[in-house]
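Per-chain residue numbering starts at 1, and chain names A, B and C are given in the order in which the chains are listed.
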Amino acid sequence: MSHHRAIAASILPLRLEAAGYAVGGEPLLSDISLTVTAGRRLIVMGANGAGKSLLLRLCHGLIAPTSGRRVWADGTHRPEAQAMVFQRPVLLRRSVAANLDYPLALRGLSRSARRDSVARTLDRFGLAPMADRPARLLSGGEQQRLALARAWSMSPEVLFLDEPTSALDPSATRIIEEMIEGFSAEGITIVMTTHDLGQARRLAEDVAFLHRGRLIAHHPAANFFAGPTAPEARAFLAGDLVWS
Amino acid sequence: MTHTRRSTLLGFASGLAMLAALPASAQEFITVASTTSTENSGLFGHILPIFQQATGIEVRVVSQGTGQALETGRRGDADIVFVHARAQEEQFVAEGYGVQRFDVMYNDFVIVGPADDPAGVRATDSAAGAMAAIAAASAAFASRGDDSGTHSAEKRLWSAAGIAPAGEWYLSTGSGMGATLNTAAQVPAYALTDRGTWLSFQNRGPLEIVSEGDPVMFNPYGIILVNPERHAHVKAEQGQAFIDWIVSDAGQAAIASFTVGGEQLFFPSAQ
Amino acid sequence: MDGPFFTAIGLILGADAGLLQIIGLSLRVTLTAVLVACAIGLPLGAALALARFPGRGAVIVLFNALMGLPPVVAGLVVYLMLSRAGPFGDLALLFTPEAMILAQTVLILPIVVSLTRSVVEDIWAEYREQLQSLGASRLRAVPTLLWDGRVSLLTGVLAGFGRASAEVGAVLIVGGNIAGHTRTMTTAITLETSRGNLGLAVALGIILLTLTLTLNALAWGAGQWARSRLG
């Protein structure tokens, strides 16, 4: 889809070099070196509190590393080449269509360009029938669908997803996973956290495993699920409770 | 961003426009600081239209207590003061805030009280005697307590009676004539009031006039142009026109023709 | 039947020109004051919610405290400013409707600022990461947050309107209660009370209450509609 071709040089791969994040002297992420490769689906796993969400925010630029470095391939970090979807979708108190329009207006697109883009997005994700409904009165699954559609409409090179289905029922989860696979097929790089092992097996091409703020393992998915070397990851896969 | 800045600017702009539009909208008018008693009686409603018809000058009356009205004149916020507290008026002129004081009219004060007259005021034959009877009986008395002309007159009566009023029976309301009469009607209490306010006052309850007619109860009104040498913006010409009119035969006749319930309230006294 | 209620109905049916003028002036003064207070207070409150600077806490406490400012004190301050002997005496604004608008704006502004800050802070806590992710700067976020808080903000604006339309102390001092010029519903009620015309005073009170009720009902309806339309 030409819609998603970046004109400028790609911002990927993204490299974290010994990146850490501390609050009040307490390290929440430590010494993380990681490369996010273009076009791949990277799933970040780990127990609650392991630092998965923070890692996503650090990559996306919502927080800055307090030690180490975050390096984008083109030397910048173009926010417009990235998008993020949160666990609980944050939708504006406006209609579905207005929610899709908002980020485009932020980017200074003309009214007619925005109208075309919104119409295309509504169509593609089956949201057209609810275009005029208040976004926050949609069901949880519809809200997350809209949040993903909004992210997609911004033509990101990389999409960060923080536990996007943890609050959804199985059928809504399946729809969201199909959307993510579709984005991936268009060439959008996916970085996503989940605590759902089954979802990780379905979606992962690469797996990064965090334990107590440290990156314990980063493998292609097949290798990881076949038997990771790190004992904490093995225990996690075995369904043992790994306290962080 | 643009929205915010725009709306802020709009707010300021409309505010400024409002301020700027003002002087232009002001027609020919003068501001008179007067007392609540004249306003409440309805006198101004009767005489001002006559003056405006004759001269085309609108008179805007701010009714306050005498003390506040004189302060308004002192600050230059009115062109004319029209009050009833002779000593303070003469001081106002002496201090250079006013040009000259003219007698305009007088009405008189009356003492009102409960119809059953617990202090036996009706049996007294002077205003000072009435006050002494009230104090002797420790009967409730509602005082303006607001430095108004009426309050000054009341204080003169107390000192003439040789009494420094104090105690639970002496109620200082710190409010206007009407509010004080409302209080007096409720308690019930005695009160000193100008006859004009009393005649047009509706909520009398058990109150009646219990003492009247003593010459010391006469209540003269004076009118003073605020000194343009103090406050250059004072509309001396139009203000003087109002003063000239009110002391003229036409003005004095207008005052005399004002009645409430068939009774004349104010008596012309211009020389 | 006789009584304040019937007096009120009689006044309204009679469509007395003087009464209409008083009602019109009251509405003009209060609505203008609300508009000016919103034009200043909405951006200011939002800025206070988003900005971090030394002394921010003190400013917030100050505006919260000013919500309890007695109207008479606000009136007195404006009076001293606008008096011929005061710093803005040359504007000749004392005893004009504009002075009353200014005094009421002073009364309403703290309500609008404080409520806006509180509403915008709550929405900002929820929207912050998402707006940052979408590429909105803090400054650009201000109109977004104000718009998305519009239903709650309306409550604050109504509270401001209520305070302004009900108060008498400030407008009496700076307006002077001049017949036909600066006499409002509330100063007319005060005057009629002092004349002992309690029935007429209550009748005017009933009319004032009816106006306030109507405006509040309209605003409430608009809020309900917005809630159902926009979530």
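The rule is short, and it goes like this: a contact is a pair of C-beta atoms (placed from the backbone, for glycine too) under 8 Å apart; a residue touches a chain by one contact, two chains touch by 3 or more.
Keep in mind that this is a model prediction, so the values were computed, not measured.
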- request: For this assembly, give the contact graph shape among line, ring, star, complete and other.
  value: line
- prompt: Where the centre of all protein Cα atoms falls, which chain's Cα centre is nearest to that point?
  reply: C
Message: Between subunit A and subunit B, what distance separates the C-alpha centroids? Give it in angstrom.
response: 77
- line: Distance between the CA centroids of subunit A and subunit C (whole Å) is 46
Task: For subunit B and subunit C, let me know how many angstrom lie between their CA-based centres, rounded off.
output: 32
Message: If I count partner chains per residue in subunit C, which residues reach a count of at least 2?
response: 140
- request: For subunit B, write out the residues touching at least two other chains, lowest number first.
  value: none
Contact set on subunit C toward subunit A in their complex: 126-127, 129-130, 132-136, 140, 144, 147-148, 151, 228-231
Query: Along subunit C, where are the residues that touch subunit B in the complex?
result: 32, 35-36, 38-40, 42-43, 46, 83-86, 89-96, 98, 101, 137, 139-140, 142-143, 146, 176-179, 181, 191, 193-199
- line: In their shared complex, subunit C is touched by residues of subunit A numbered 57, 60, 62, 79-80, 82-84, 86, 90, 92-95, 102-103, 106-107, 134-137, 154
- request: Under the touch definition given earlier, write down the residues of subunit B that touch subunit C in their complex.
  value: 1-4, 7-8, 10-12, 14-15, 18-19, 22-23, 26, 31, 36, 39-40, 44-45, 60-64, 74-77, 175-179, 181-182, 185, 197, 200-204, 231, 233
